[in-house]
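Two complexes come next, and they have one chain in common, subunit A, joined by subunit B in the first and subunit C in the second.
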Partner chain A sequence: MLLNEVAESVGVCMPKLLIVDDESDIREFARKFFLKRKIDVFVASGGRQALEIISSEKPDLILLDVRMEEMNGIEVLRELHKNGNACAKVIMVSGVEDEETIKEANALGVIGYIHKPFILEELEKLVFNQLNR
Partner chain B sequence: MSPPKIDYKRELESASKGMILIHDPRLLIKLIVRSLVQKVRIQHAGMILYDPDKDSYVLSISRGTIGERIPEDLIRFNKTNPLIKLFIQKEYKYIFENRNAIVAEDINKLLWKESVISNGNGTKQLLHSVSAQLPKLNAVACVPAYYQHMLLAILLIGEKQDGSRFGQEELDFFSALASDVAMAIRNAQLFEYLKREAERNRNLFIQTTIALGSAIEAKDTYTHGHTERVTKYALAIGRQMEASQAYTFPYKFFENLYIAGLLHDIGKIGVPETILSKQDKLTPEEYEIMKSHTTRGAEILSSLSGFEEVINGVKYHHERYDGRGYPEGLKGEDVPMIAAIIAVADTFDAMTTDRPYRKGMSKDKAILEIKDCINKQFNRKPVDALIDLFHRDEL
Partner chain C sequence: MFNFHSCNFFILPLLVSILLLVLGIFVILKNPKSHVNLSFSFIILCAAVWLFSYARAYQLLDSSKVLWWFKLGYLGIIFMPITYYHFVNAMLEIQKARWVIALNYLGGLVFGVLVFKTKILINGLNYYSWGSYPKAGIIHPYFLTFFLGIANIAFFRIFYNLLFNKQITQIRREQLKYVLLAFLIFTFACIDFLPNYGIGIYPLGFIPTTLFLVIICYSIVRLNLLDIKIAVTRLSIFVTVYSLILGIPIWVGFRLLGQGLWLIPITLMCIFATFGPFIYLFIQKQAEDRLLKEQHRYQATLRQASAGMVKIKDLNKLLKMIVYVLTHAIQIEHAMVYIHEKAKNRYILGSAKKKFGQGQFVENLSEDSPLVRLLSNNKNQIIYEEIKQKSQDYKDENLIQIAQIIYSMGGELVVPVYIDQELIAMIFMGKKESGKPYSEDDLAVFGILANQTALAIENAKFYEDMKLTNEQLFQAEKMATIGTMADGLSHQINNRFHVLGFIAGDALDTIQLSQKDPTPEKLKEVVAELDRAFVRVQENVVQGGEIVQGLLKYTRKSEAGFTSVDVDAVLKAALEMLQFKIKIDEMKIIRGYDVSVIPKVKGNFTQLQEVFFNLIDNGYDAMMQRKNELKETSYVPALTVKVFEEDGWVKIIFEDNGMGVKEEDIRKLFTPFFTTKLSSKKGTGLGLYVIKKIVEDNHRGQVEMVSKHMHGTQIKLSLPIAIS
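Then we have the complex of A and B:
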């Protein structure tokens, strides 16, 4: 928040990134990682919270975990689609998924898919390419 | 209050002991990493492990304070990653071999080392990349772990809680720990490999046995599917005897029964087809030759070690409980149980399947006839099991 205020005061708008993952270690690591790279980071521990943040903060990009206990990634995508929020840019993050899930995610308009374990620099590139566009 | 001084030698000994006691290397590494964090008082320690299936490296274990530790199995490195490159390419070895580690605060000094400069821009570039990589991994030092020049793991060391630098004694300790870890990983990989090989050999052996079994069927056309059914019945009878506690089977009995079932008529390979497929009554001479398939089968298998029980099944499956069978006229409990079971299964199948010269009888009629032969042709125990299976409609 503080970083954001500083940025706004000097007239720079930092891009907003939302990280959705039900594992707190992953959220915390990703938050710190992107914060250091001058990105305004929001985190959500589940689908419902993610939808709330999406409608209030309108993040430029969302990193969305597929497998989550309460409301998984695909369900979040469906909900976004239903509410006409389909233009939110989403990168899916997942372990080994079946073809079906990938197909549905593509049909619901995700812009990228990254598999765990991933190469850190590839995630970085994917995120920065989207945010600088 | 200064932290208590660590006896590195003792710590190392206890880690080595752990290596012997714990066969799961991941568990061992977790313990080592955790005790590193606690005893050396560092904010974060982690381990990047080689994944032979994907030929890449994964940050698999990480311990430390929240925000410092890195989620496990989230980050992968391929061989072009600067850190991996530094540790696997021989030409860079001189950069870290003095200290057994690459330490973040050394990198600036290294960049001005004559040997690095004379090595050209590539090395400089690599060191810059390594320097940029370390903070992403919350590490200030990295220690490679090799087994026979193969990089199996990298130990990541975070900052000390008191902010002090690492002395060479500490780096040497980390390096020794890392090679213990490499050894543990290598042992576990070898063990896994041997297990897989053994499994593969077993499968190959079973396939060969099945192929051999079907070779008999190709010759003896009367008995199409006979081998397979006898094996199935024999295993069911054995399992039933075990379940009703009628008999205590020795180790690996069912594996042997399976193989013996598949091979029980293997000796028919040595019996002329004219005899095997003759529809009329066999002459006494022909009958003797036919009977010899039991001993011929035993002979075929005699050169295989560990096959004693299987051979018992093959050789004696025409023995009778009253001693009037062949080839040796064994009596009562002297007939090995494996053979007594196959005898019942063999007869039951022969009675219930069609032959060119007669139709097979119904299962209940066959059961009645077999029951009449208890203590004459058959041992009571497998027959009782057969009857139980029949009543439960499992035949």
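Then we have the complex of A and C:
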């Protein structure tokens, strides 16, 4: 409900959220959840699709899964960094990642982490925090 | 012809009497408890008394004393047939004749008194050119009847028992045959009675008597007698050959005596004597070959079998082969092999065969059994008949037990098998079908068999141990591989929980929201959403379950044994596990075969899955390496799998277009713990080593590798084809 207030405070323009994950169920249920909170949700199943949506829609917040089949989250970050897209706010969604990955993600400017598995409630709080900044 | 002076002649009988006494003492010491030995020594005593007394008589010139010595000697003569009869009874183990024996001794005593106190048995002396000799008295013919009568009754008893008494052991039989032979020789000794009646023939009777005694002595002292046919043959050949060798020169010598050409016979003698042994051996071999043709035949078979045994690697097959050879080639009624099972302190029946019909065989024998202890201490083969005889002769409790054990197991011969002083097996053999006893030659061949068996058993056991070690190695390698899949696996399972959480979270959210707007339409929507949610829950649970199942199946110890394996199924299974380790989508997998026509492999599914897993994994790494290092723009990583039949084998080829391997590294790749992969996440270093062991050791197949650096690698497996 907090997010609804946020949406209203911003005005007509709904916040844009991009969820990048290769699991279809994740995309489906996360999207359902956030749509009810009047957030415009975009989904991408892989890195390439994610980059397309980022450049066309310019989402306010990106939830980026690290482990994906053809192009993983780190590679996406590198691309964004190359294209100078530092404005993109990215939260890494990771499983059990090693130090190297975390270090690199930090270097590429992620604003936060969340480790799987987590419940939607937690995610809601995190997204709210970020969108309110 | 011969010129003997009484004073010189006595030497020979004197020497012989001393010899006989020594023989008698030896026989008694050999087995003090045996009736047979004891009664035989009595005969010897009598003979010794006779010869010694007569020797004294020949030596002395004073008439009165001479007669006394002859009379003393006659005591020996009187009691000889009596003790002989006693001895024969002991050999035949007849209990009821005891009173007859006692009667005989009584009769002997009577005659003895008659000799000394009266003149009716010995009436003074006869005088011959060669010396004096006791003169027969009035009742001497009756004494002679008594003497010959008892001796002949004994002879016929032996004869009768040999023919009709089935209870006599084989060994005893052989001994009795010798006794008969000896007796026939003894009959020549009766010429000694002629000088008693005034016929002046020289009393050389002590020579056949000595022979008689020596032969009997041989037969009772040695339990394992030379086959009597062989003994007689050898003796006859020897006598014939040597009488020719010595006879001809001597005859020639006498013919030429007048001319004084002694040189000729002596030269002849030397020549013959040199060639004598060779002629003897040659004739002996010919004769024995004929006599022993049968025996030599199966001994040759046994030697061949022994040589082939070492090649058999399967312990059970080996034991089966041994009993088969024994029962069929050697014509033995039944044969059993017992193998040492250290863990359970016993010897367990490995294999048994009865030539005709089914058999009940003893299952196992404890390490503590007296039989086992005897074999462990005394490394000789055991012949049942011998042990039985010994146990009766020596009245040894331990031997009696052992004989019992062997009898209850149906064995006639026990051949022990040793490695390094340790008894690792026992081969039991039943009677020969022909009924003949086991000869010395047989035992020698069985000795060879035992040695070869020892080596073959060690070989088979080693091979089994090696297989076990290999099993442990494979399992270890699989566990190590799982380590490399840990990331992929845990990600997958983690995702399941994550998804379930999201579905639940959204469902809860939906329910909460519905409370604000509880209209029937809204509720319908909610129910529909929840329905969808639970469907997804189930899906994810099933998916998670499959991953866990797949992993468990992979980690489970592979069942030993071979089945008819579908190569395509193995490939699928391997890829299923591989997805947790690598990104299979990054390469093309080309199946260069038609699933419906490919031949099946005779092998172990789990082991082959491991082989494929490792090969594809290696191919993937090679291709990724090429992709990252060479960075060719049009490079498409592709792995081709071909399956076909060739020369009765199933050939499987894994070909990748990866980085390839340098020539000098190819061989190293197959050694354990060598890996070109960078981290333990990627490689265990055991992959190709295990592949080689699985394919070559377990499946008796082949692994060949061909590689061109920077172009690709081809691995060719040859596996046995499954015959449906």
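One rule holds in what follows: the second predicted complex is superposed on the first by the 121 of 133 C-alpha atoms of A that agree within 3 Å, B and C clash if a C-alpha of one lies under 4 Å from a C-alpha of the other, contacts with A are read in each partner's own complex, and residues count from 1 in each chain.
Operating definition for what follows: contacts are C-beta pairs under 8 Å (C-beta built on N, C-alpha and C of every residue); 3 or more make two chains touch, one makes a residue touch a chain.
This is a predicted model, so every value here is computed, not measured.
Which of subunit B and subunit C touches more residues of subunit A is settled by the count: it is C. In the superposition on chain A, A:Gly84 contacts neither subunit B nor subunit C.
Of the two partner chains placed around the shared chain by superposition, subunit C is the only one that A:Glu70 touches, whereas subunit B remains out of contact. Touch criterion met: A:Ile26 reaches subunit B and subunit C at once. Where the contact sets of subunit A with subunit B and with subunit C meet, they give residues 23, 25-26, 28-29, 32-33, 116-120. Of all the residues in subunit C, the ones that touch subunit A in their complex are 487, 490-491, 494-495, 497-499, 501-506, 509, 513, 529, 533, 536, 539-540, 583, 585.
Against subunit A, in their complex, subunit B makes its touches with residues 58-59, 66-67, 69-78, 81, 136. Listing the residues of subunit A that touch subunit B in their complex gives 23, 25-26, 28-29, 32-33, 116-120. By the touch rule above, subunit A contacts subunit C in their complex via residues 23, 25-26, 28-30, 32-33, 36, 67, 69-70, 95-96, 116-121.
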